[in-house]
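Can you keep this structure in mind? I'll have questions shortly.
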Amino acid sequence: MAISLSLSELAQRIDGKIICGEAGSLFSGMAALDMAGADDISFLGNEKYLPQFLATKAGAVLVPTGYDFNTNGPALIAVENPSLAFGIVVKHFAAQAKSFRAGVHPSVSVSTNALFDPDKVCLHPGVVIMDGVSIGDGSEIGANTVIHENVVIGRDCNIGSNVTVRERSVLGDRVAIQPGAVIGSDGYGYEFSGGRHVKIDQVGIVEIGDDVEIGANTTIDRARFGKTIIGEGTKIDNLVQIGHNVVIGRHCLIVSQSGLAGSSKIEDYVTVAAQVGIVGHVVVGSKAILTARTGVTTDLEGGITYSGKPALPIKEDTKIQAHVRRLPQMLKRIKSLEKLLSRVD
Amino acid sequence: MAISLSLSELAQRIDGKIICGEAGSLFSGMAALDMAGADDISFLGNEKYLPQFLATKAGAVLVPTGYDFNTNGPALIAVENPSLAFGIVVKHFAAQAKSFRAGVHPSVSVSTNALFDPDKVCLHPGVVIMDGVSIGDGSEIGANTVIHENVVIGRDCNIGSNVTVRERSVLGDRVAIQPGAVIGSDGYGYEFSGGRHVKIDQVGIVEIGDDVEIGANTTIDRARFGKTIIGEGTKIDNLVQIGHNVVIGRHCLIVSQSGLAGSSKIEDYVTVAAQVGIVGHVVVGSKAILTARTGVTTDLEGGITYSGKPALPIKEDTKIQAHVRRLPQMLKRIKSLEKLLSRVD
Amino acid sequence: MAISLSLSELAQRIDGKIICGEAGSLFSGMAALDMAGADDISFLGNEKYLPQFLATKAGAVLVPTGYDFNTNGPALIAVENPSLAFGIVVKHFAAQAKSFRAGVHPSVSVSTNALFDPDKVCLHPGVVIMDGVSIGDGSEIGANTVIHENVVIGRDCNIGSNVTVRERSVLGDRVAIQPGAVIGSDGYGYEFSGGRHVKIDQVGIVEIGDDVEIGANTTIDRARFGKTIIGEGTKIDNLVQIGHNVVIGRHCLIVSQSGLAGSSKIEDYVTVAAQVGIVGHVVVGSKAILTARTGVTTDLEGGITYSGKPALPIKEDTKIQAHVRRLPQMLKRIKSLEKLLSRVD
């Protein structure tokens, strides 16, 4: 929170246009509309916050282009995407995320035949690196994280604390894994035989593309054989379950507490909102959007927004749900008809 | 399980009234109604267990005041809340929860500028304490738990094993965190730009009030900027997801596998039952009760019990769901009307 | 992937019948139908994969008995259960799962009065073994896993990395626990008193039968008093929540992200599919099947397949859901009747 920004510097950095305020005014911090003071920069990212905007004590506010604001209050800068622009402000002011410092803490357990340059990776206390692991330059591995045999980790990865990556998983470059996640756990597969569930060997791996992010305490099972695949650029939230042999395309979003059952496939640019369930062995087409808690039980065409269980195009599902809420009224109308007809009879 | 209690001592400790049984009878243990023997104290906490109560072999049973029991069996003590009273019995008999023993295990990794009194805290094996952490007297940190930079931990906290608390989180006094929980993971925020999801920096913190309890493997994301707040006295169960910038009031209950999306707010004394979902940017009013699996998509008034998705007052939702179950019958009535009318025509 | 198999050796090992192909052909690997090459063995486990089967380039495919296949392609072997048979192939070819190697890593923290034979167990780096723990021969404990006081672990158990097993839990023989799971966390129990939620002591234990498997990041709470019980042979998937005092029978399946609330009971051979919720204090009868996302709110008879919330026999629920989807049409029919009747009037 060190270096102040003037209004004009601010406008320049975020490629915005000063609507009102003096170019030389200085701002030293950032905060939400309802918590900001005269030294703070804030932003209006969502119309829902209009009341807070109108009451804000912020020194300067980033607002969307084209809005016609009338305030006697803060300095205003118009930008196309205030939320994105505020990210630049955050980058400027934030206590610098601790910069990468190479080094291997003495408490780290490293197998003799692991492959990495100790001057170019950062292994925090209590990390366990097993046989045959390779780690790319610039990668950081959080405290008490366990990397099992023959795992391959790319460059500039950021793996959090208390993570487990099981044997033979392959991670691309710039992969980020939040604390507590488990990569490569055994898939859930049993055959029922002789009155017991007999485990089916799970000997495949998990393969994670470049720029993937995986949330805290999320679990990704390795394939029965072959690969569970998370495509390049896909972002997975916390507490998500990815079953064995699932194939996820590139640049998908998978929000918290969703579950993808074994061998399901989602193509590129799919959005899976929170608490969604997808059964095994189905395909969700590219750019499909599954709204929160959708239950997918069959293949779904891409490019469409779905909701409900079973999943329907959202318009259809919304219409049906509106009818459900009118059911008591429908029954009354049936009763009226029955009364009328009993008279007619 | 050492010291026996006589019936009269028992009645006195729990402020109950002996209905039947000899004041001097001794009891040396405790058990559920269906597992108890003649030396055991048990309790009837719920009418559902009446059959087990009638068949119990317990030596003594705590029963609710006002019930008219006729048994030839166990000694009976009436108390207002048998479940609560039994807690006192449990406290008496239970193998003493291991008492707090100050000390820092030699395997602990402590940064040189961490702030705590090694004679007044308990750090178990494998704990990692990073730069600038401060820990209040009487606090215990479980084995292999990782406390990141500049975290502030109050007095008499109890943090379990394999927990991760990320940088700058602030914990009040008497906070309990169950094993595997992750506090302060990055929020899930991306902007779509150039065909890719670009991470929005998450530089805020998590602030946890006094007497909060957080369940096993629960995840709480830190704010994008500012704070994710868990109010004093709130109790969170296992596998719950709390998004970035969520604000939870005081003395709330949030049961297992529920998820609160980013920037949602729940006021004081709200009850969130299991598997509930709350979308981002909504407010749930004080003392609202969300029954299991409620899906909240808009602001909800306080003091009301809700169910369904979208959330409705439970009476309304229950009525609608009853109608849903009668749909096949409704269709029949419509068909009858159509038949009748075809005749009328 | 070392030793090749001839077609006749393969048929013999899996007790199958060669439909076509030369007995002496050699195969050196295994793969899914759509990824296999001429040297690979594959299998048709599910009719859904018929198109991939017809297009496969695999050298040999295991197919179900009784199907009448016409291909000019791969060698074919008929077996009753191709999926199960393929498991034998996997066992043959898979990079040998690392064999058990006894030993205690020097970084392990062991309390002096723990009970195990260091030449017959395998304790990986960073493991913490507290007072009074006993571990049976042949058991392996993953890196950075924490075993609390007085836990009893049977023979030939396989406990993953970063697992927490809390005090006095009892594990049978051949129990497998995936990484990140938490066994014996405190149950979620509070009494509301004086405007605050007061914690009810949780002093019971978790008891896990022989041959149980527990998924990654799954949480199992110990009993308030007495036992939370997981019956012999039961298999639990990832991210499942088991509340305090739950009793699970033998040989059950509990799939990912399901939650069983406190004191619920499921009998033997019950199947709980993904994202199911079961409220507290109910009983689900033996061999019941709960399909994905079923919501159980009352006792359920065994031997029946259920779906929906509240749970209904699946036929009934499916019928009702079909009616729900026809609601817009039903309303139209009511409107037609009303129009007709207004004319009749």
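Note that the chains take the letters A, B and C in the order they are written out, and that residue 1 is the start of every chain.
Here, contacts are C-beta pairs under 8 Å (C-beta built on N, C-alpha and C of every residue); 3 or more make two chains touch, one makes a residue touch a chain.
This is a predicted model, so every value here is computed, not measured.
Although subunit A and subunit C carry the same sequence, what matters here is overlap: shared residue numbers make up under half of all numbers found at their interface. Here the C-alpha atoms of subunit B line up with those of subunit C after a rotation of 120°, rounded in steps of 5.
Computed from the mean C-alpha positions, the centre of subunit A lies at a distance of 26 Å from the centre of subunit C.
Within subunit B, contacts with two or more other chains are made by residues 107, 126, 144, 162, 180, 217, 239, 257, 275, 324, 327, 330, 334, 337, 341, 344.
Subunit B meets subunit C in the complex at residues 30-32, 35, 46, 48, 81, 83-84, 87, 90-91, 94-95, 97-98, 105, 107, 124-126, 142-144, 160-162, 176, 178-180, 211, 213, 215-217, 233, 235, 237-239, 251, 253, 255-257, 274-275, 292-293, 324-325, 327-328, 330-331, 334, 337-338, 341, 344-345.
If you check the complex, the residues on subunit A that touch subunit C are 107, 109, 126, 128, 130, 144, 146, 148-149, 162-164, 166-168, 180, 182, 185-186, 188, 190-191, 193, 195-197, 199-201, 203, 217, 219, 221, 224-226, 239, 241, 243, 245, 257, 259, 261, 275, 277, 279, 281, 295, 309, 312, 319-320, 323-324, 326-327, 330, 333-334, 337, 340-341, 344.
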